[in-house]
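Next come two complexes built around subunit A: one with subunit B, the other with subunit C.
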Partner chain A sequence: MPPFEENLMPAWLLKPNPISARFLFLAGLLAVWEIASVAGLMSRFIVPPPSEIFPTIALLFTDYDLTGSFLRTFGETFAAAGLGALGGMLGGWWLHHNRVAGKAYTDWVAAIAAAPLVLLFPLFLVIFGRNAATIVAMGTVASLPPVVLKTKEGLDNVRSVLVDVGRTFGLTRWQQVKMIMFPASLPTIFTGLRLGLVFALINVVGVEYLIGFGGMGLLIAELGDRFEIAGMYAAILFVILTSICFFYLTEKLETWLLSAR
Partner chain B sequence: MSDMTALDNTAADTLPTLRIDRVTKSFHTAKGKITAVDDVSLDIRQGEFISIIGPSGCGKSTLMNMVGGLIADFDGQILLDGKAVRGCQPSIGMVFQEESTFPWRTAIENVAFPLEAAGMERDRRVARARELLDLVGLTGFENHYPSELSGGMRQRIAIARTLAFEPKVLLMDEPFAALDEQTRLLLGDKVVQIQQQLRQTTLLITHNISEAVHLSDRVLIMTFRPGRIKRVVEINLPRPRSSEMMGSEKFAKFVAEIWHDLREEASKGLRESEAAAAAR
Partner chain C sequence: MVAVGQMNEARRARRLRVSSVTTYRVVALVLVFASWEIAGASGLFFRGVIPSTVLIAQAFVRLFGDPAFYTHFAITLFEIVVGFVIGSSIGVIVGLALGINRFTGEVFEPMLHYLASTPKVVFLPILLILFGIGVGSKISLGAMSCFFPMALSVAAGVRTINPMFLRVGQSLNLSLGNRIRKIYIPALTPPIATGLRLGFGIATVGCLMSEIKLSNHGLGYAAMQSYNRFDIPTMLALLLVIFTLAGLGNYLIGRLVRLPGPTNRRVTALPPR
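Then we have the complex of A and B:
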């Protein structure tokens, strides 16, 4: 008969590794949450136990078109983060390339990154109307500053000797960018892209919630208004799932680009 | 050889590969104009190995950067095979003091880099890069990233990468400065071997007198600011050379002779840096 420990838990969970650490943390968190809620340490109405939240996921699919909301938020975030990445990298390049602009505006961009841009939603509502364009525009604006800042930082920190190597080999300006500047700054740029993605998602869901238009934000607002609190938490879990999906995709893209550079 | 200039009078019938003709470079700083290199002239023949030695701040690297094209704004002329050159060009290759391999490229990709930039097809550039890695003794490490290699191995990759373009003149700016003494000696042997094998015209900047004597046909001693050529020492030690000859009496005589001239300049440099530190 095998030792009893092997029967209790799979080997990969017993051996310390990042996956088992994540699993154990989540399991512990859910257990504490369940106990606190069931024992009445937290209001069961405001914070229902996980055992009540998970069964409502199926209802969200059948009664609330969770798939449609999820895909809508995913698509809007993808568009906002994509536009933010493109604009942010161009902006970061400009601030790196133009010394005067870099010194004049970098602090401003940093200040904007820290500002609650979501409060500008009425302005965008007036410009674009109550539709997906407003949501994407808000997400884009929020995702721009971190991408700009990290792109500039990445390019600024490329070691000058690497640029000199390119110069001595007679590289054209475009070759310098493609073969040296971009690959050397890629890890830092990706930090900015990840931050931009997070900012875009927060703002997309936030504006969906505020203007009551489509996606997971609207779903969360509707469930909250109907006091379907367990369903609301289940929907929030799906927002987290959206974030995880994006991080996974970004990680794959980064791995691919790092190996291809 | 004459003092103050290193223009090649003995080979007047053949054009020097590289001629540095009355080159001067000044920088304008907050403390005023500083002349880093003053009226330096030098001829380098095909296949010759020349070292420039001098105290810190004497303008050695500035001179190297002018020859390599990284500094294009200077007085005087630099001629390659009789044609004036200014700015970077593949005929003059540079190996830098700092770690300069691309960390995201493997050893073979690093060496093939200039060939890739020049548009050489993949099979040909990989084959050429393999040959060069073999030349610098790195066969078997083709697919290793620089982070997986020692400092000496990375510097050999940088040398192989520079040689990939088959430069007429190879410039090396203290390439072994960051390495330990034993690695430095062994790499010196490797450089001597490669230079003799390729008959590569080479200009080396170094602080290390033994290294300069070990590798060079001529050693140029520079004055402390403004940088001028104080003296040229012909190193007529037999070739092929290796670090083993460093124990010989003749080698020691050359080292002593160079140090005799260099000591005064190094002392000036030290005094100036101490005065600057005291003024702060």
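Then we have the complex of A and C:
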């Protein structure tokens, strides 16, 4: 039985909870920001107070078609990630299947994955023009390498005993792929798909902002160019929040897939 | 005799494999080169969109003879290096703070983790308002970009340090500064190296994206100027210079952190946890 005095203390003070502490920190940060901006310690023109920024998010939906921008960006992202997934899985399968090709090209794919691919956008701009094709192409280029690498890794690491069992049951090559290779390597492939999706989103928003075309990236660029500072902050905040939700959900899906293995 | 025969067989197989790998690589390079030339000459694209490799080589020669190129190159290099140094230094300090104190890590690391995955270029309008269109906004985006991989890498690395070393430090009554210098930093060389390599690439992207968006100097600006003039060979030559710079930086950092100094020897002697 704990002493009587201890029971009088709130539980969160006895054992601080990281989640409560995180929200407390964020609330404190917003309060300091608000006070500093309102008191004139920071220029309201450069850093508007949160009380001006948050209501502007609602205005973005009504006056700037934020829903349309959001759907356009995510449409481009999923198109790019879908193309990247298709090409990447085929590429990964080929590098796994053809050992010499795997030895010859895997390092190259890893080097391409580490390269600043987004800087290639002027090349795509001259080929496709200033339209959605350039944005989707850039997203696809960025999402390909992780999918190729993770598909190859997943297929390479399928336990040989599983393949042998398939052989003893007389499975055809296609049945082996469908019933053994693919399910066994799915969690690793999914990691690649998730990374591909994340890279595609980052590149899509980046290229939208740079070329001034598309969805949320364009919206931020337009608001910045018009010096609608509170609106620009609100749009940036919205992009950050949606990115965080997106990554959180895909990460949870990956964890669930790994645990269900 | 049998063993010698097997060894020769294995050596022959390895040689055959190496030559096949080389053949595959040469074939890929020839295919890329031929596809580029055929696509350029096919008439499928607007004239000049895919210039011949000869024109790109000539643009390279022109570029290296132009004094303005060296000015752009020096400015971009300065922005990347300064942004990289600032971002990675703050990243190491924050990573240590998050890794050493478990509760601080639990509170702040998820926020850093999710912020790290957002497109940093969206912060550029704010940085442009704060620092103007000069080198300040480029350096700050570069620093912000490389801060995240470094902080997260160091924080994760701190948690993999063998607790025995920390207990030895405690029993020797080392101060926090001494513990950081004598235990944490030597043991953290591999995660710092990973963070540096990742951070350099991302800092390069950050600086160049800001130059491309709004600037009046640097390689990104020069590439966009060539694009606006429809001087595609020069634009491609500049892009190749940028990619070479990023690759070279990554390679040099990789070499630097692998140098067999006394610090690294200590690190390799650490037993796996």
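Here, the second predicted complex is superposed on the first by the 185 of 261 C-alpha atoms of A that agree within 3 Å, B and C clash if a C-alpha of one lies under 4 Å from a C-alpha of the other, contacts with A are read in each partner's own complex, and residues count from 1 in each chain.
Simple rule for what comes next: contacts are C-beta pairs under 8 Å (C-beta built on N, C-alpha and C of every residue); 3 or more make two chains touch, one makes a residue touch a chain.
Fair warning: this is a prediction, and the values are worked out from it, not measured in the lab.
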{"item": "Touching partner for A:L258 - first (subunit B), second (subunit C), both, neither", "value": "first"}
{"item": "Which of subunit B and subunit C A:I180 touches, first, second, both or neither", "value": "first"}
{"item": "Subunit B versus subunit C as contact partner of A:A200, first or second or both or neither", "value": "neither"}
{"item": "Partner chain(s) touched by A:Y233 [first = subunit B, second = subunit C, both, neither]", "value": "second"}
{"item": "Partner chain(s) touched by A:R159 [first = subunit B, second = subunit C, both, neither]", "value": "first"}
{"item": "Contacts of A:V109 with subunit B and subunit C, given as first, second, both or neither", "value": "neither"}
{"item": "Touched partner set for A:F169, first subunit B, second subunit C, both or neither", "value": "first"}
{"item": "Which partner reaches more residues of subunit A (counting touched residues only), subunit B or subunit C", "value": "C"}
{"item": "Touching partner for A:L210 - first (subunit B), second (subunit C), both, neither", "value": "second"}
{"item": "Those residues of subunit A which subunit B touches in one complex and subunit C touches in the other", "value": "none"}
{"item": "Sites on subunit A touched by subunit B in the complex", "value": "159, 161-162, 164-171, 175, 179-180, 183-184, 186, 258, 261"}
{"item": "List of subunit C residues in touch with subunit A within their complex", "value": "17, 20-22, 24-25, 28, 45, 49-50, 103, 106-108, 110-111, 114-115, 117-119, 121-126, 128-130, 197, 201, 204-205, 208-209, 212-213, 220, 223-224, 227, 230, 232, 235-236, 239, 242-243, 246-247, 250"}
{"item": "Contact set on subunit A toward subunit C in their complex", "value": "16, 18, 21-22, 25, 46, 100-101, 103-105, 108, 111, 114-116, 118-120, 122-123, 125-127, 198, 201-203, 205-206, 209-210, 217, 220-221, 223-224, 229, 232-233, 236, 239-240, 243-244, 247-248"}
{"item": "Touching residues on subunit B, where the partner in the complex is subunit A", "value": "68-70, 88-90, 92-94, 96, 98-100, 102, 104, 113-114, 116-118, 161-162, 165"}
